[in-house]
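In order of appearance the chains are A, B, C, D, E and F, and numbering begins at 1 in each one.
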Amino acid sequence: MNEAALLAARPNKKLVEMLDFENAKDKVLMGVERRSMIISDTEKRTIAYHEAGHTLVADFLPGTDPVHKVTIIPRGRALGLTQQLPLDDKYNYSKEYLLNRITILLGGRAAEEVVLQQQTTGAGDDLEKATEMARKMVCEWGMSDRLGPLTFGKNEEHIFLGREVARAKDYSEETALAIDAEIKRFVIECATRARQILEENIEKLHALARALLERETLDREDIAQILRARPFQEAPAPA
Amino acid sequence: MNEAALLAARPNKKLVEMLDFENAKDKVLMGVERRSMIISDTEKRTIAYHEAGHTLVADFLPGTDPVHKVTIIPRGRALGLTQQLPLDDKYNYSKEYLLNRITILLGGRAAEEVVLQQQTTGAGDDLEKATEMARKMVCEWGMSDRLGPLTFGKNEEHIFLGREVARAKDYSEETALAIDAEIKRFVIECATRARQILEENIEKLHALARALLERETLDREDIAQILRARPFQEAPAPA
Amino acid sequence: MNEAALLAARPNKKLVEMLDFENAKDKVLMGVERRSMIISDTEKRTIAYHEAGHTLVADFLPGTDPVHKVTIIPRGRALGLTQQLPLDDKYNYSKEYLLNRITILLGGRAAEEVVLQQQTTGAGDDLEKATEMARKMVCEWGMSDRLGPLTFGKNEEHIFLGREVARAKDYSEETALAIDAEIKRFVIECATRARQILEENIEKLHALARALLERETLDREDIAQILRARPFQEAPAPA
Amino acid sequence: MNEAALLAARPNKKLVEMLDFENAKDKVLMGVERRSMIISDTEKRTIAYHEAGHTLVADFLPGTDPVHKVTIIPRGRALGLTQQLPLDDKYNYSKEYLLNRITILLGGRAAEEVVLQQQTTGAGDDLEKATEMARKMVCEWGMSDRLGPLTFGKNEEHIFLGREVARAKDYSEETALAIDAEIKRFVIECATRARQILEENIEKLHALARALLERETLDREDIAQILRARPFQEAPAPA
Amino acid sequence: MNEAALLAARPNKKLVEMLDFENAKDKVLMGVERRSMIISDTEKRTIAYHEAGHTLVADFLPGTDPVHKVTIIPRGRALGLTQQLPLDDKYNYSKEYLLNRITILLGGRAAEEVVLQQQTTGAGDDLEKATEMARKMVCEWGMSDRLGPLTFGKNEEHIFLGREVARAKDYSEETALAIDAEIKRFVIECATRARQILEENIEKLHALARALLERETLDREDIAQILRARPFQEAPAPA
Amino acid sequence: MNEAALLAARPNKKLVEMLDFENAKDKVLMGVERRSMIISDTEKRTIAYHEAGHTLVADFLPGTDPVHKVTIIPRGRALGLTQQLPLDDKYNYSKEYLLNRITILLGGRAAEEVVLQQQTTGAGDDLEKATEMARKMVCEWGMSDRLGPLTFGKNEEHIFLGREVARAKDYSEETALAIDAEIKRFVIECATRARQILEENIEKLHALARALLERETLDREDIAQILRARPFQEAPAPA
């Protein structure tokens, strides 16, 4: 609210409009827009396919939060963003929901691989989040059949060295090996699924990336329109 | 006492009634009620089956503390609560009592698995408590036949890095492996027992969950009435 | 002395009697009596057999310090106590004496197992002391033939993280394994001996437990009288 | 800007010239020139071939940043420097770009091996940077097919002991082994490629080293001229 | 000097005598005499044979520092002491000298084993010193043929956690295993030699122990007289 | 300069002579002479052969820094010193130069072994420096063919626990094993070479040691004269 009022105040508006609220929400959730960054066409294309990958996988998977907005305008530390908003408040997440989240996170890298045959550093944050989520599924939420309904590693946040150090000391090397294998299995299966979704919907992926390159930001309706339209158009190669 | 007097004072009562004491006890033991949280019907159903699972397992197992109250109204950080009160003060816990405690803790996740074919993050705290209890049985109370009447890991609370770090350094990798295996064995056996109890009493589980969805909170007499009644009714699917 | 004078002063006695000294010594050595604790008959029976186990093993083993007093009145953090007083000051402990000490420490758990077919958390302190003593025999006093007259782990008390952390870094994994095996061998052999002593003297064990349940505290003469008397009577089952 | 103005101010110039900006940039990016260091002819030859190696590999590999300047005048802690300037701002680095970077970093050591049959301590910084880059490719950017799109090790910078300590605790020994193997594979493949490029262009390497020994510093045009000229001349042996 | 003057001053002596210097030296080197400690005859016998063991082994081995005094009067934390004084200052110790030192250190435990068939806690300090000396031979002084002229573990005293922690991180598990094996080999060989010396000179051992029990303290001449005399007399069994 | 002026000032000299500079340099580089230390003839002989070993190996190996001075007068913590001065400033060290340095460092121990058939603690510092140099060759300078042009272990000096702790966490156990093996290989090969040089030049070794025992300090010219003279004389055995 404060942020929206401030945004409205700058151009000497008398009223705070809906758009001000939207902008304020984006600023709070996603960081400040950085339109001054000069990004090459090649990188823009990479970013567009990356975000289109997240968006298409999220759209495809049932039971996931709808994509509210996707953009290739840099914000904060991110070069692009796919923003999902849940339909209702959630307090309890199912294994299926979490696997879908991981699949969406890996959709960006997958799109780059499928279309551009490349891997870039930009996916690092996605991979870290996906790995951490898979780790929690195995170590905190008992969602691995192989490891069973146990937890591994202490969650004492106040321990001096951070919980990771304490956690690692908590079990044997063989258990550590099983944990690693299960985390890897979850992530690899999601990555495979993400690629499969993108390959089977490659035309939609091209259409989304093309639209992002043209319009920079797409909202939920834009996305729906693009994904339901036929035929699809591939994003143009950089000049 | 203070809390009860305060609760009574708010609506300008002249007397502190029994209900005020009950409410005060709940507030102290379980945290503040959070009725303002908006929880979807799907989540409510999950929570109801989860708490019904704890309650039914606790009711079924002999020698455990009776369930005093069960609720699906969020309190503190919990989405639901099953409250057991011991019949008399206990200072010394037997291996059988502790295994029953673990089985009850795992009853929530088991109910979700049996009825809803799902695993959710909400069971994380239960699993952590169950694992920690199994660890203490093996490492502090000498209750594993394989490891024998020895203790493993120091309990020096004042050590700078917390006891887990020191504990882990105290024995060989092979011993760590044996400890892991015994902890897992205890927890898996209890999980299997919890599922078995619920599957064999599936109608009672449905009846308890249904009642929780209808009435939100059940006390000891409600539970007794439901569990002794016939025939049982399944909880309705969410709208 | 101070404590005895204080104890005598409370009931307005003019003289400090021998009993005041005895009470003062108990208070200093064993903590304050906690007569106000309400303990169920089942737990009292467990405690009585536990303490009777320590006492009987101590009485049986040659060359150990005589039992001065045994009680099932809670004191400090303990639910019961078996107090041994050495016949003369000792500065140098032989391997045989130490193994006897471990056997006595394990006599409590052994009595519960033999008579009540149960293991309880109350033995945790005994097991920790027994394990630590076995560890010192192996790691500090060179009493394991397999590991030989070497010491393992530094004893630098002033090291920041406590000596256990430093100690663990001091030798290879294979040595850690050998240390674990020897500690376990010492403790298991003592546990087996404790059970054997109790099983072969089961009537004396019942007689001691019965007397403890009746009189709560036994001194050296009471114990001698009970253990030399015939026939013995079993402790009654709880109401 | 400030630095350029200061540099211009010293010799009492009235104007800040382009050269002042160039010098200022070098000072900021590469440290202060240390012309007073007395370096033997043998070492100068080593440095010349080392820098020529970086330069030639960078020139050879497609898609890398062009070499802006190469020098054998010591600056800061470096005995020589090869300075690359990107054609446009980059925010997202592809696996291919990173492997090229590692190959360029290893070009210095490779040139010494190929021409002088020696390894020197001067390559230490290059090797450290190459290893760290390969580690990030494997552990942070998911660029190893064998390890997949996972991250390994936490990046929590504020942890007391530095992130490396925490990172190492995060996975099993087998995973550590796989990480080591992949890092080594990336670096060895790049080192092999660097040697191959230098061996196949050995005359250009000699020409660059000779020019560096004669002129000490070469800019982009000098380099282009040398690398396109024919025939090439070997750098003279030290007196 | 100060100490000698003080000792002389107490009984109002006018002169500081040679004996005062001797006493002062003992006090500084070995701690204060604790004649008030009441030690049982059994323990005195143990101590006498323990010290006699050190003394006899020291006397037997060539090239070691002569025994200046041996006593069974407690001093500081020790129950008895064998004091060796080097013939001249040493700055550089040979492998042979160090192995002899370890053998002498293990002579106390060996004497208890050979004569009394017992192991006691009193040897703990000797074993720790012997182990530490063997460790330094292997890890700091390159005296193990198997490990060669390398050092293992850093000696940086100022490191926060003490050097042992840092040292342990410095080499692989296989090297740790080899170090353990070599340390053990050195100590076991010395222990075997100490037993062998004592068994082959058992009459001298009895004679020394008997003399210690009779006279409490023996100086160099006493020891020489006893060890050259014939026949020897065994120390009497305790009353 | 200051030190030289101070040294000249003490005996009331008017001029600072060349000798004062030499003495000042020695004091700064090697610590204060400790002529008051009383060292036995046996130890002096050990020290003489030890320093002669360093000197002879240094003289023999091509491309090493010439020995400027060798002495058996204790300075600082050292019992003797062999001082090498480089012919010109070096910034970049080749693998060959470093292996020669290690060989020279091991020449002292080797001389004791070859002539006196002994190992002493005095070589500890040499061995530590040799090991550390070999470690850096393998871990920081990429000079092991087996491990390749990678670095192992972080060099972050400001990390709280010192870099060794962080370094050890950086790679797998198998890599640690390979590093240990390579460090050992480098050191053992150098030790073998040092012994070989000394055995093949045993008469020169005797001559140098004899000269050191007679003259205590030798400068570069003395050494040259002795090593070029014929026949050589063995150092006399101690009285």
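Criterion: contacts are C-beta pairs under 8 Å (C-beta built on N, C-alpha and C of every residue); 3 or more make two chains touch, one makes a residue touch a chain.
Every value quoted in this text rests on a predicted model; they were computed, and no experiment measured them.
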item: Path length in the contact graph (subunit A to subunit E, fewest steps); value: 3
item: Subunit F reached from subunit E - shortest hop count over touching chains; value: 1
item: Same-residue or different-residue interface between subunit D and subunit F, half as cut-off; value: different
item: Cα-superposition angle relating the copies subunit C and subunit A, to nearest 5°; value: 120
item: Centroid spacing, where centroids are CA-atom means, of subunit A and subunit F in whole angstrom; value: 60
item: For subunit B paired with subunit C, centre-to-centre distance based on mean C-alpha positions, whole Å; value: 35
item: Subunit C and subunit D, separation of their C-alpha mean positions in angstrom; value: 69
item: Multi-partner residues of subunit D (at least 2 other chains); value: 160-161, 165, 169, 173
item: Overall pattern in which the protein chains touch one another (line/ring/star/complete/other); value: ring
item: Cyclic ordering of chains (reference subunit A, direction subunit B); value: A, B, C, E, F, D
item: Subunit D contact footprint on subunit A (complex, rising order); value: 37-40, 43, 46-47, 74, 79, 106, 109, 118-124, 127-128, 130-132, 134, 160-162, 164-165, 167-169, 173, 176-177, 179-180, 183-184, 187-188, 191
item: Subunit E-facing residues of subunit C, complex; value: 88-96, 98, 140-143, 148-152, 154-156, 159-161, 165-166, 169-175
